Amino acid sequence: MKKINFDKVFSFILVSLLGLFIMKVLYSVAGEEAARFTADHYISYGVDETGAINIITAILFDYRAFDTLGEATVIFTAASVVALLLPRHEASMLKTEFTPVVQQSIAFILPFLWIISIFLISYGHLSPGGGFSGGVIISAMSILIIFTYGYRYMTRRFNVKKLSLIEDIGALAFLTIGLAGIIAGGTFLANSQVGIYPGPPGELLSGGLMPLSNFAVAAKVGTGLSVIFLSLARED
Amino acid sequence: MQLTVLILIVLFCAAISFYRLLSGPHVLDRIAAINAIGIMLLTVLVILGSLYGRALFIDVALVYGVLLFVDVLVMAKYFGSPDKSEEGNQ
Amino acid sequence: MKVKEILSLSLILFIFWLGLTASLEPQELIVGAVISLFAAYFSTQVLLGRGMSWGEGFPPTFRGVLFTFYYFPIYLWYEIKAHLQVIYIILHPRLPMKPGIVKVPTDLDSNYRITGLANSITMTPGTLTVDIDEEEALLYIHWIEVEARDPYEIREALAVPFEKYLRRIHE
Amino acid sequence: MIIQDILAGFLMISGVIFFLTTAIALLRFPDFFSRMHAASKCLVGGGISIIFGLIIQEGISPLSLRLLLLIIFLLITTPVVGHALTRSAYQYGYLGEMVQDDMKDMKTGNDSND
Amino acid sequence: MHLPILLILIPLFTVFSLGLFAFFSKKYIIPLVFTSSLASTAIIFYFIFNRETRLPFSYNLGSWQPDLAINILVDHYTLVIFAAMGLMILLSVIYSLTEITRNKAKFYLLLNVLFVGIAGMVMTADLFNFYVFFEITSISSYALVAYNDKDISLEAAFKYLMLGTVSAVFLLLAIILTYMATGTLNMVLIPERLGNLPVLTRQILIAFYLIGLGVKFAIVPLHTWLPDAYVGVPITYNVLSSALIIKTQFFVLMRILYILFGLNFLQDNMITTILLVWGIFSMLFGHAAAFQQNNLKRLLGYSTIAQMGYVIIAFSLGTPAGIVAGSFHMVNHGIMKGAVFFAAGNLHKAAGSYQLNKMQGLADIMPKTSLIFVLLLLSMVGIPPLSGFASKWLILEAALEAGYLLPGFMIILGSFLSLGYYLSIIINIYTGEKDLSKKSSARAVGLKINEILPAAALTAVCIILGLYPAILTGLIDRAPEFLLEQLNYINIIIGG
Amino acid sequence: MILVFPAIAILISMGIYAVLTQKNMIRIIIGISIVESAIILLLGAISYIPDGVAPILDQPYDTVVDPLPQALGLTAVVINASTTAIMLALVIKLYNRYQTLDIHEIRKLRG
C-alpha cells in the first residue's frame, strides 16, 4: 500500500506556483527591453577610460572593484570558517593510491600549469581570465598535489597556516592598492580616473593598477580555495 | 559554413555520448562519458575560436581542459576505492 | 646540477610562454623569463621533492631532443594504424573482440621512461595500461584483441616498438 | 592553397569520424574497459585531428600556436585519465568478460600483504 | 573626506591583518581589535554629532561619476542603525574579552567581518553591492552560530544556512530582475525606471525582496531558524544579532520598498496593509510562543520576533510619525535586548544553565545583576518610566494618528501578553526555591568589570532614554524625509 | 532568449522542491546548488544580445553582449562556492557526530 505523502504534494504545489510566478515575471520584465545605459557606457568608453581590453576585468577591478573587495572578503571568511570548523584529522577519504604513471605525469604537468595560471593572471585585462580564473588554476594545482601525492605530502610543503598567511598578504595588498587611489587624490579604489598610468590598450603594461590587483586577488583566491580544500579533504 | 556543420556534428556526437551519462550502469561509465563530452565541447570551443578568429576561445578551452582533467582525476580517485558506496549505506 | 636542471626546465617553460602569448614585445619577454624561472624553481624545488620531479635523464641531451622529434611521426603512424583496427571493431555488427588483460615485462629502468611507455601504449588504440608494478617492471595492459598468449610475443607486439626509442630519448 | 584546404578538410572529416566512432562505441560496447578504449583514444584522436585541421587552415598565426599547445596538452592528459579510470574500475571489481586476466594474481598478492 | 569608507575599511583591515598577527604573536590581537572598534565608534559618533552640517553625504568609489559605479550614502535615515552600532560595537567587543576563551583570533575575525557587512549594507546605494555585503554578514553569522561547537549550535547553523542560502537566492533573483527591468543597479536611478513595469510584476518583485530579506529578520513563517540559533551561541552573537543584524536587514528592506517602489505604489496596492497585518500576526505569534519556552535564550529569541512585529507595524503605517516611532523602537529594542542578553550571560555564570527552573533564587546570589535584569524586562514590557514605554507609546500614538485602531489595540494586547511571561521570570528569579549547594558554587564566580560594564551602561542608557526620549527622537526625526520622499534620496547624488 | 526562461523557472522549482522534501543533507545541498546555478544561467541569459560578441574589445565591434551581468555572475559564483564550502564543512561535522546524514534522524538523536 502506498501512502500519499501530503508534505510532498503540498511542496509540489507550492513549488509549481513559484515556478509560474517566476516565469510570469521573467517574461514581463524581458518584454520591457530597458535601455541598458550603464552597459552601453562600459562598452563604448570602457577601453578608453580604463585601458583594459577585457571589459569584464575593467568592471571587476575598476568600475565595481568594491564588489570584488567584498567578494574577496567572502572567500577569506569562508576559508577561515572551514578551517575553524574542521580543525584536526577528522574526515577520511582518498583511500586508493595512484600509480607512478599518474604521479609522474602530474609532475610533468605542474610547471606548465604554473605558466598557464600566471599567464591568465597577468593577461587578465587583455584576454579572458584574470585573478579569479588564475586563482582557480592555482587551487587546482594544490588539489592535484593532494590527490596524487597525498595530504601529508602537501602539508609538509604548505600547511593551512602558511597558506592563510599568503592569503592575508594578498588581501592586504588589494586593500593597499585601493588606498593608492586615496593617496593619488581620488577616492578609495580609484584607478584610472585619478591618472594612474592607463597605458596604451592592448599592451601588457596597461590598465593602471589592474594587473597588480589581479595578482593580489589571484593569490587570495588560489590560497583561499586551497585552504578550503585542504580542510575538507583529509587523510587518516 | 563548413565549420558550422562541423560544430553541429560534434554536438550530435556529444548528444549520443550523453546517453551513456544518463544510463551508465556504473559511476565510472558516467565519468568516462563526462570526459568524452567534455573533450567534444572543448573541440567545439576551439572551432568557434577559429570561426570568429578570436584567440580568447582558445584560452577558455585551455582552462576548460585543465579543469576537466583535474575533475576527472579527482572523481576517478574518489570512486576508485573498492566498495565505497556499500560502506556508505551501512 | 640543480641549477642546470632548473635552467633547462625554465627554457622549456619560456618556449611554452612564447606559445601562449605569441608576441615578441620586450616587456612580455621579460615577464615571461621571470615567470618561467620562478615556476621552474618553485615547482621542482618547493612543490615536488626528489624522485617526483623531472628526475634523472634531465636535462636531455641534444640527441635526446632530436629523437623526440624522430619518435613523434613513428608514434603517429602506430596510432593511425591501430585506430583503423578499432574503428573496424566498433562498426562491425558483431563486435569481433577478445578482450583481456595481459602482463608485459619491460626492461626500461627509470620511472620516467616507464611512464612514457605506459602513456604511449595507452594512446595506441587496442591497448590500455591498467596498472604497473614498479618493482618487477611489469605493465598490465588491457588488450582489446588478445592475439598472443605467450609473454614474449605479447611484448614483441606491444612494448618493443616504443621501448627502443624511449630508451634513446633520455640518455 | 588547394592542397591546404584538402588536407584540412580531410583531417576535419577524419576527426568527425573519430568522434562518431567514439560515441557509437560508448553506446555499443558491452563492458567498461572496451568503452574506455574508445573514450580515451578515438576521442583524443578526433580532437587532435580537428584541431590539426584548423591549424592547417589557419596557417602560422598566434591562434595556431595556442592550438598546438592545446594538442600537446590533450596528448599528455588523456592517457593519464584513461589509465586512472581503468585502474579504478579494476580495483572496484567492475570487470567485463575477458579471455585472459593476468592481473588477478597481482591483486590477490597485494591483498594478502595488507 | 573619506570617513564613511573608513567605517568599512577599518574593520576590514583588522580582519586581514588578524591572520598575520595571529601567525607571529597572539599578544597583539586584543589591542588591535579594540583600537579598530574604538575608531569605528569614533567615526559613527562624529557623524551623529555633526549630522546637521555633514549629512547627507555621498561618496563615489573609484572617483567615477555617480551613475557609473558604486556609491556610498549616509543620510539621516542611516543614523538609525548608526545609533545602535555606536553603542553595540564597543560594548560587544568589551564583553567578549572574557567570554571567548578558544580561537580568539578567529572569533574576532568573524566579528569584524560582521561589522564590515553591517556597515556596508547600511551605507551602500548599489543593489548588487548590497547583496555582496548581505552575504558577508550572513556567512559570518552562520560561522558565529556554529562557533561554540555544541550539537545544537551545529544543527542550528545548518538550518540557518539552508534557509539563509535559499533566501539569498530570492534576493539575488529580485536584484537581477530589477536590473533587467531598469538597466542599472544604482538605487538612486532605479525608481524612475521601475515605474513603467506592470503592477503585478512589481508586486512579485516586492514578494521576492520580502522573502529574501524576511528570513533574515525572522518574519513569522520564516522565523524557524532564530530560536534554535540563539541557544548555543556566544552571548556576543545574541546581542549583535538582535540589536544589529536583524534590524539592519529590516532597515534595508524598508529602504528598498520605500525608495525603489515609492509610498504611493505601496499604499495603492495594499502592500502596507499586508505588512501591517503580517506584523500584528508576527507579534502575537512571537508572544504566544515565548509563553511556552523554558529556556531563557529561546524565550528571548521569540521575544525578539515579537518585537520585530512592533517595528513592522510602525513602519508600515507609512506616516512620518510611524517611521520615527519604528526607528525609535528599533534602536531602543536593540539597546534593551542587548542589555538583557548581557545580563542573562552574567546570570548564567551563577546558574550554569539557561533553563528557567535552574535560575530560581538567583536574586540572592547576584542582587545587582538581577536588579538590572528585572529593570530591563520591565522596560521591554513597557512600564512607564523606562524607555520601552516611550517607544511603545510612540508607536501607539502613530497608529492612532494614522487611523488604525485595531493595530493600536493589538499593541496593548501584546504588551499584556509579554507582561505575563516576563513576570513569571521575575517571580522565578526572586522567589524561587533557594538551592544552597548551587549558591556556594556560584559565589566562586566573580564577575569581572568588563562583564558588568556593558549591561550597566546599556541599562543607564535605557533609563535616560525613558526619561528624555527626545535625545533619540531628536537624532532620528529627519529620517522620514529620506525614506518617504524618494526625491530627497535621489537628490543626494543626482541633484543637490 | 525566450526559451531559456522556462528552463530557469523549472530549475529553481526543482531545487527548492529538493530542499523542501529531501532528508539527506547532501541532497539538500545539491538542491541549493541547482537553484544557484539557475540564477547564474539567468545572468548569462540576460547578458545575451543577438549577434553580440564577447566583451573583449581588441578591435571595435558593432554589437557587444552586456558585460555587467557576466561580471556579476563571476561574483555570484564565488559567493555561492564559499557558501557551499561552509555547508559541506558543517555536514562533515554533523556526520562525524551522529554517523548519519538524515536530517530528521539528527533531530531525533539530539532529543
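All chains are identified by letter, namely A, B, C, D, E and F, in their written order; residue positions are counted from 1 within each chain.
Rule of thumb we're sticking to: contacts are C-beta pairs under 8 Å (C-beta built on N, C-alpha and C of every residue); 3 or more make two chains touch, one makes a residue touch a chain.
Owing to the predicted nature of the structure, the values given are computational and were not obtained by experimental measurement.
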Between chain D and chain F, the fewest steps along chains that touch one another: 2
Chains touching both chain E and chain F: A
Far-end chain from chain B, centres as C-alpha averages: E
Greatest separation from chain F - chain, by CA centre: C
Geometric centre distance via CA averages, chain D-chain B, whole Å: 12
Distance between chain centroids, defined by C-alpha means - chain C, chain D (Å): 14
Centre-to-centre distance between chain E and chain B (centres being mean Cα positions), rounded to whole Å: 48
Separation of chain B from chain C, taking each centre as the mean of its C-alpha atoms, in whole Å: 23
Where chain C touches two or more other chains, by residue: 16, 20, 22, 118-119, 129, 131
Per-residue overlap in chain B, given as positions that touch at least 2 other chains: 55-56, 59, 62, 66, 73, 77, 80-81
Of all residues in chain E, the ones touching two or more other chains: 128, 132, 135, 139, 142-143, 146, 173, 180, 185
Chain D - residues contacting chain B, complex: 9, 12, 15-16, 19-20, 22-24, 26-27, 32, 35-36, 39-40, 43-44, 46-47, 50-51, 54, 57-58, 62-63, 66-67, 69-70, 73-74, 77-78, 80-81, 84-85, 87-89, 91-94
Chain A-facing residues of chain D, complex: 73, 76-77, 79-80, 83-84, 87-88, 91
Chain A partner contacts - residues on chain E that touch it in the complex: 2, 5, 9, 12-13, 15-17, 19-20, 23, 59-64, 67-70, 103, 106, 109-110, 113, 116, 120, 128-129, 132-133, 135-136, 139-140, 142-143, 146-147, 173, 177, 180-186, 193, 196-198, 200-201, 204-205, 207
Chain B residues touching chain F - in the complex, by the definition given at the top: 52, 54, 56
Chain E - residues contacting chain F, complex: 128, 132, 135, 139, 142-143, 146, 151-152, 154-155, 157-158, 161-162, 165-166, 168-169, 172-173, 176, 179-180, 185
